[in-house]
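Residue numbering begins at 1 within each chain, and the chains themselves are lettered A, B, C and D in the order written.
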Amino acid sequence: MLLNEARGKRLLAAAGIAVPVGIEITTPAAVAGARFAFPVAVKAQVASGGRGLAGGVRRCNSEAEVSEAAAAILSTRFSGLLPSTVLVEPWLAIARELYLSVVIDGRAGGFVVLYAPKGGVDIETGPKPLAYPVGLARNFRAHVFRALLESVEHDRKLLEQIVALARRLLRLAEAADCTTIEINPLAVLADGSLTAADAKIVRDDAAAWRHADIATALEQARAAETEDVRRCLDANLMLVWLEGEVGLLSGGAGMTMAAMDAIEAAGGHAACFLDCSGNPTPAGFGLALELLDSNPTVRSILVSMFGGGLQMDRVARTLIELLRNRSSTKPLVLRLDGTRGDVATTLLADAGFANHRALGPAVSEAVRLAQETTP
Amino acid sequence: MLLNEARGKRLLAAAGIAVPVGIEITTPAAVAGARFAFPVAVKAQVASGGRGLAGGVRRCNSEAEVSEAAAAILSTRFSGLLPSTVLVEPWLAIARELYLSVVIDGRAGGFVVLYAPKGGVDIETGPKPLAYPVGLARNFRAHVFRALLESVEHDRKLLEQIVALARRLLRLAEAADCTTIEINPLAVLADGSLTAADAKIVRDDAAAWRHADIATALEQARAAETEDVRRCLDANLMLVWLEGEVGLLSGGAGMTMAAMDAIEAAGGHAACFLDCSGNPTPAGFGLALELLDSNPTVRSILVSMFGGGLQMDRVARTLIELLRNRSSTKPLVLRLDGTRGDVATTLLADAGFANHRALGPAVSEAVRLAQETTP
Amino acid sequence: MSILLDAASRVVVLGITGRIGTFSARDMLAYGTQVVAGVSPGRGGSNVEGIPVFGSVAAAVAATGADTAIVYVPAPLALDGVLEAVESGCRLVAYPGDGLPVREAMEMRAAARAQGGWMVGPNSPGLISPGRAKLGFMPSFCYQPGPIGVISRSGSLSYEASLRLTQAGLGQSSVIGIGGDPVKGVNAAEAIALFHDDPATEAIVYLGEIGGSDEYAVADYAQRADAKPVATLLVGRTAPPGRKMGHAAALIGSYADTWESKVVALEAAGAVVARSLDALVDAAREALRRSAR
Amino acid sequence: MSILLDAASRVVVLGITGRIGTFSARDMLAYGTQVVAGVSPGRGGSNVEGIPVFGSVAAAVAATGADTAIVYVPAPLALDGVLEAVESGCRLVAYPGDGLPVREAMEMRAAARAQGGWMVGPNSPGLISPGRAKLGFMPSFCYQPGPIGVISRSGSLSYEASLRLTQAGLGQSSVIGIGGDPVKGVNAAEAIALFHDDPATEAIVYLGEIGGSDEYAVADYAQRADAKPVATLLVGRTAPPGRKMGHAAALIGSYADTWESKVVALEAAGAVVARSLDALVDAAREALRRSAR
């Protein structure tokens, strides 16, 4: 769960970390009556990089300008997404832009603190940030991080502030179950103090049972999804729509990605990532087929399951029932392999459906059929 | 910082712990329009024990009853304190009342989890709760606590819920810097689930720099203090008004208590705990003297300082200046001892003020003078 | 030989009275694994499938000499189970469950390492040493003993990949599902080090994904002069950036997370990179050939 | 002899370039303490009062053999300083500061104990072994060497009480300010155990308060058959319930927190209880008399 900037900053502020004091508005009209100390920044609240370059951050000197900027931003798509709100906050007089983040890294077995003396929009293209692998937050040692920083940061007062802030961020990440807290830029103001000029915070969805705010945010995010995705979430299927034409219904994240890649290698494109392993029942497969059948961009369907714990004869029986009652004539290719795959093949053949045991040929056929049916 | 029940429950709810969903109101009129599922409990929000026995919790079956109960409660003093608000929440059908808390204990070097199978108002007089000394929250071990609970709790489903809740409370205590989280009663509902029917949570004031909510609550508490106390807090003096007649101005918590006890032993009563060691300057002593001089219940004043790091000749000079410009004629006894106490005595004598070096005689004189001036 | 788990391992199943626990205990037994105990608080003294059940891991260990655990309890209670197993003397503990907060994974991992032991998982089928024992719920028919050490971030992919290896006559020393989450009890670097030290492992097959940094650890190993040959297959080449592909860790956030970036690093390090699942068997065969040189 | 601190202790002062750090370093030196180093990040190579300053504790320890630290840094940075001192090899670390979150005190205490060392504080003047060394800012003139081990929750009370003992000819082996906060690096039970094991300590004076459980630990000790005699003074007899008396831990929340309850327990355990500060010298003398028996 990526928090928007305004929410991220509220979380930072609650932990005693300096942020600009802003207000979040959802309509240009909401600007009226708010008291701003101009100039202000009007910032698109949208989960997309490159907001700044795309006109998503504007400097305004009057209420009229703010209203106009808000209207423009709220009707602009950033990487395809409309901002939900705009954040209006004081325009900071930034003396220097730093980069500081706390992220999860598997090699560290937990948190890594990253620091770069030059933050801002160029962080991806600049030199790699310094990395302090911490692991558990409690393993942070100020003197270790200090020694690391001393190689790049010579302003002692600033350095000590960064060390203290890193500890604060780690503590927050641990307490609030954040997997990323990135402050870029971390602004040095004229008086030498630090302020989080931006905030990218990712909360751990898996910890929603111990954080009412994560649970609420997940609920809101679910409500904002398309009906397709929402129905899948409710049915414990994992659905991500892609741009292709082969409707892929698979089992397991790794095998689903492997099949997506195989479709591309065979000259096609997957229409979706759709993992049914969470609910391999008539209800689950039924919903998956319904969504693929009813989506006109899906030209053919590939059902590819490899049975580990799941018995393929059961899956075959479920599919036979569904396919017999199916009204769509969209071409569909079956590939059931693994546990009791032989029985599945026999059952399907008896019912008049061909089964591939191998993935490669099944993918090729599905791609071919999609191409044939594409006008 | 003791949170009232409503705030405490909000903190529990934010951590995913079940509480009754209530609303907090500040005036009986606020009841109008709220939707209640009757019966409801109307509960005084006040930092005082024994609320239930004193009529601070009332069961109501209609909006009119709620309004009436709220009015009655808001105008009742509980242990001398007026409730700031009332909490209205569903009246729980409680099958059993348990006791569960997480508190700080010096012997454990941190947290102790306390559990009693019979909670509720009688907890102080019942058998001692089971204690699991945990220390650091991360040292909690479910199997250790489970083994302890098995000696008193035979409902397995309940037992496992208690174990899980204890871990949750410890995590919350750590993340939110709570020094006490007491749930009494922890209610077992008809369906076997647990709900926090009450909540007593103490946040650690010293952690206000990393919790904006503690900082805000401290600011509110400071604003609610009497002007005397607020001025002392601002001046880094520690003032607690007591019920006696000897105004005690001392240095250090331990020595101030020792002097209070000595005053009582000499037949008097201290009018205050007033520790000036945080600000032993003309401003600090000046404020302290002003408050004692202007309070009519203070019949005599004892200034008792023992110099460790603090040099008594400096204190003497400060006091001489203040006493020379003092308009009050309230009797005042000086006792400066410790570092450069001899010089202090000489300075005071030269200025016409007697100094006691020993505490006992100074206390006796202050008590005697207070009694003489009491009408 | 194998890594972490062998025929002498004595397994205790936490949560054995649950549906999955019972199923898995029976399945592991059927594979020949020494499943010596189950744990279910309050159910001590009973038995499941003939396996004695105890009220605590300590009791199970004391009575049966269990040294290996698998934990089937829901995420909110998982840390408790793993800590109990680790601190009761189990040197290897698998937590297969998914939906575990990263914080818990960190704590589990740290606790196991602090005792000199290992945690496998979360979000993983577990670990199998074919022909010897299995600790998890992977389908037994996919595996046969042999010289290849398999490491996989994905359960489903590891089943099919292992079956293909098996059908090609390429058996496995051990197959470890390190899991699809960002923090793993055994990460890729550690799994590789274990296989490196296992004399029965002649080549390593690594099944990776987009997102995370494990693949770079594999590349770091592959370029060592003393490295055993590594064949790899990475999936997610066609995944769009910024969208989570099922696994919590399968997410492209920066260029380093991409398939391209990882494949470049692995090829530069000298690993044999299979461009598709169909190419995996040949890649594994090539790695074995190199090990024979 | 003494506890924790003696003439051989080599002290490093963290935060030596601060006002209090500089003052305290000079004061400890003046008492004859071996103050061998100071630490101030970024100031390595300079000196304060002739004491060499280093950029880290590790550098200070390496160059000077420091084995004891006192940390003068503000509360938000205190844990960092104490962890650095503890893990750089200081077996005794004092943190005198007040206003420290309890969470930090727990972590400091645990870190010191994990290394087999001790943390003294927070909210305490520190520790003095009269005639040998002092680690803290207590007034030197109050103390003289002798057979009494003094433990105090209150700094101010310990100064005056020690001076009274000194003036009565009752010297001290060590005087430790365990601090006024709920969680202490060395708590009363631990301080007592240290004095119990110190051959130079013949009797123990414990200066306690309302609130907390330390006094019950003292009572537990006093009733041991092999206990050294204990004299105690508790303050706060007249404190009202529910109000914090300066110290974070000096708060009556339940009957066990009260002066009466504690005095009953101590008297039942055989401790000599002074009913007032004026009675303390006699109580200490009585304790010494008992030890001579």
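Here is the rule we go by: contacts are C-beta pairs under 8 Å (C-beta built on N, C-alpha and C of every residue); 3 or more make two chains touch, one makes a residue touch a chain.
A quick note: this is a predicted structure, and the numbers were derived from the prediction, not measured.
Taken together, chain A and chain D share the touching chains B.
The mean-CA centres of chain A and chain C are about 26 angstrom from one another, to the nearest whole unit. In this assembly, the C-alpha centroid of chain A lies 46 Å from the C-alpha centroid of chain B. If you average the CA atoms of chain C and of chain D, the two centres end up 51 Å from each other.
Each of residues 138, 174, 209-210 in chain A touches at least two other chains. Counting partner chains per residue, chain D has residues 76, 107 touching two or more of them.
An unclassified topology is adopted by the chain contact network, corresponding to no line, ring, star or complete arrangement. Pairs of chains meeting the touch criterion are A-B, A-C, A-D, B-C, B-D. By the touch rule above, chain A contacts chain B in their complex via residues 13-16, 138, 168, 171, 174-176, 209-213, 215. Residues 75-76, 99-103, 106-107, 109-110, 113, 125, 137-139, 141-142, 152-160, 163, 180, 182-184, 187-189, 207, 209-210, 212-214, 217, 233, 235-240, 242-250, 254-255, 275-278 of chain D touch chain B in their complex. On the side of chain D, the complex with chain A involves touching residues 41-42, 56-58, 76-77, 80-81, 83-84, 87, 107. Residues of chain A touching chain C in their complex: 47, 104-107, 109-111, 124, 135-136, 174, 177, 179, 204, 206-207, 209-210, 238, 240, 242-243, 251-258, 260-265, 269-270, 273, 275, 277, 306-309, 337-339, 359-360.
Taken together, the chain A residues at the contact with chain D in this complex read 138, 141-143, 146-147, 156, 159-160, 163-164, 167.
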